[in-house]
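Two complexes come next, and they have one chain in common, chain A, joined by chain B in the first and chain C in the second.
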Partner chain A sequence: MPSYELAVILRKMSRPELVTTLKRTGQAIFEKGGIIRKIENLGTRELPYRMRVHNHSHTEGSYFLFKFDAPTNTLTNLHDSFLRDIDILRPSISKVEPVNFPEECTLEEELQPPAYRKSVEVLLKQDRKKIFKKGYKNLSNEYI
Partner chain B sequence: MLENFTNFRLLRQITRQIQFIRYKKRPTPARKNIWEPPAPSKYFRISPRPVIPVKEQEELKHLYDIYRTHFRALRHFFQCEYEKTTRLSIAVAEKMKEEVSEHAYLMEQNKLENERVAEIRKARRKCDMAKLDDELSQAEQSLSQLIQEERKKLDELVLKEKKMNSTYITSQTLETAIEDALDNLTTYDFAIDLNGVIYRDDKKESTYI
Partner chain C sequence: MFYNSLRPITYIFRECRFINRRTLIGMKFSSVAESERDYEAVGEKISSSDDMVVGHLSVGMGVWMIPVRDMKNPYEKEKIKCILCKYGIHVDYKNIRLLSQFVSPYTGRIYDKHITGLCDAQQKKVKQEILKAQNFGFMPTITKEVKFFKDPKLFDPFNPKRPHPH
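This part shows the complex of A and B:
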């Protein structure tokens, strides 16, 4: 099961109502055979623009983040159920890719200007190779 | 005609006098041009077939038959003569013999060359096969190593997940987790120092409703 993030915007509600809607979303994930790793509250604030959902316009909303794992084939159903929920303004599920940090990496190296960084040097070499190959190909077409 | 004129000035004078006729109005009794349609008065006119007398036609046919037979005989004669000079002559036969012998010699040479090349090819193929075997064994080794590494990584992942198992939110602990989340607001809007010190903007907190 790959891990996903559900960033959800709920309409402005009282605390008990919020709890019930969050419970509902959590239970929906459990019913599909998922695992919830973490629930985060990102606060209640003004929306960036007026959202019109289920025939009601909203200017404020509360933001929550669910970190969960679920089977891939259940995601569309999950998203659909969230869309049908009246209290949810915007549900968005995105995949969490594992971050692979480089093994050997020091802050001193990273703070150097780009031309002196090892990673950039490798990229430059690759580019040079490409250019050489291109030139050689053109030559072969014309003269051989 | 123009070759005779070595004097250029004269030539130019002559060429100036030449007129190129693109279209000329045809004189009264003349043939119509090919692209012009038939005259409206001649649309339904059927031209009469030429009448040839029977005797005259028979005579013409007889003459043509004679002409045809004579010419066939002549053609045959010429063909025979030509064959005598080419295919049936002694010089030609000798040449043919030479060619046959040369062909045999060349075939033999070709066979020898083929044998020589075959030997070289055999050796090269043997060498190639050895190389391929070496590469295959190396690839097998590297693949088995890769599989082992992958298995190790997966085992590590499974162990890690097993350890994390206690921190998962279950349906029983869902309500408490939600309450906890509602109490503790998390903000990712902060700056970080080289020493890992986190700076938050207290003024921005007030913008939260």
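This part shows the complex of A and C:
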């Protein structure tokens, strides 16, 4: 089971109502055979743009983050169930990505003149005739 | 006087094998006396440990530094790195304050890599995370948020480092 993140925006509600909706979302993950690792409160604030959900426009919302593990084939069903929930403005599930992302910075190589770059070397090795043939064909079709 | 100052170099040349012979010959030190009794050390002896030269010889007026074989080039320049790789910053869609530093306050669009000065991989990552944040409802799509307008600037968009991103 790979680990995922659910960033969910709830509509502005009173505290007991918030608790019940959060319990409902957590229960939905458990029902699909998932495990919740962590729940974070990212605060209530003004939305960056007006959202129109379930025939109501919203300008404020409370942000929550669920970190969970779930089987891959259940994600579409899970997302669909969240969309049908009235209290949820926007549920968005994303994959958790590695922390130290690029192993080495390639900026020095990119700053060199094009003849010394690896990416240009690959371009030079390609068959030039094929590329130009394609280009001419497309042009003739468009402009005649 | 000049003749005397050259003598210890030949001493090193004879005694220690780890000195690069070519460099010594190249410096025209080979024309020193050949008879064996002329060789005598003036300064301290060299202390060596496992193929690495540690000490130095003081001769007459000046100090002779000993050339070391298999040493890294001390004048090599440090590798250029982009800001995110240099400080090891993890780019994430929830960190909108960081992401909005790469967005224009005039047009609300993402700056290209010839302005931001990021490497190819990081620029792609920043672009992806900004789009993610906008779709997930964390970040505005049309403009930059006003509360981030006074944040420190990482680059000058009016004087890009390169003329174009290619």
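Rule of thumb we're sticking to: the second predicted complex is superposed on the first by the 97 of 144 C-alpha atoms of A that agree within 3 Å, B and C clash if a C-alpha of one lies under 4 Å from a C-alpha of the other, contacts with A are read in each partner's own complex, and residues count from 1 in each chain.
Rule of thumb we're sticking to: contacts are C-beta pairs under 8 Å (C-beta built on N, C-alpha and C of every residue); 3 or more make two chains touch, one makes a residue touch a chain.
What you see is a predicted model, and the numbers here were worked out from it, not measured in a lab.
Peer 1: So, A:L42: does it touch chain B (first), chain C (second), both, or neither?
Peer 2: In the superposition, A:L42 touches chain B and chain C alike.
Peer 1: Report for A:A70: first if it touches chain B alone, second if chain C alone, otherwise both or neither.
Peer 2: neither
Peer 1: First (chain B), second (chain C), both or neither: which does A:N100 touch?
Peer 2: Touch status of A:N100: second partner only.
Peer 1: Determine, under the contact definition given at the top, whether A:L6 touches first (chain B), second (chain C), both, or neither.
Peer 2: neither
Peer 1: For chain A, which residues lie in the overlap of the chain B contacts and the chain C contacts?
Peer 2: Overlap of chain B and chain C footprints on chain A: residues 42, 107.
Peer 1: Taking the touch rule as given, give the residues of chain A at its contact with chain C in the complex, in rising order.
Peer 2: Per the stated touch rule, the residues are 7, 9, 42, 47-49, 51, 61, 63, 65, 89-90, 92, 94, 99-102, 105-108, 110-111.
Peer 1: Sort out for me which residues of chain C touch chain A in the complex.
Peer 2: 79-82, 85-86, 88, 90-91, 93-94, 117-122, 125, 132, 134-142, 145, 162
Peer 1: Within the complex, which stretch of chain B touches chain A?
Peer 2: Against chain A, chain B makes touches at 164, 167-169, 171, 174-175, 177-182, 184-188, 194, 207-209.
Peer 1: What residues of chain A sit close enough to touch chain B in their complex?
Peer 2: Counting only chain A, the residues touching chain B are 12, 15, 18-19, 22-23, 26-27, 30, 35-46, 60, 64, 107.
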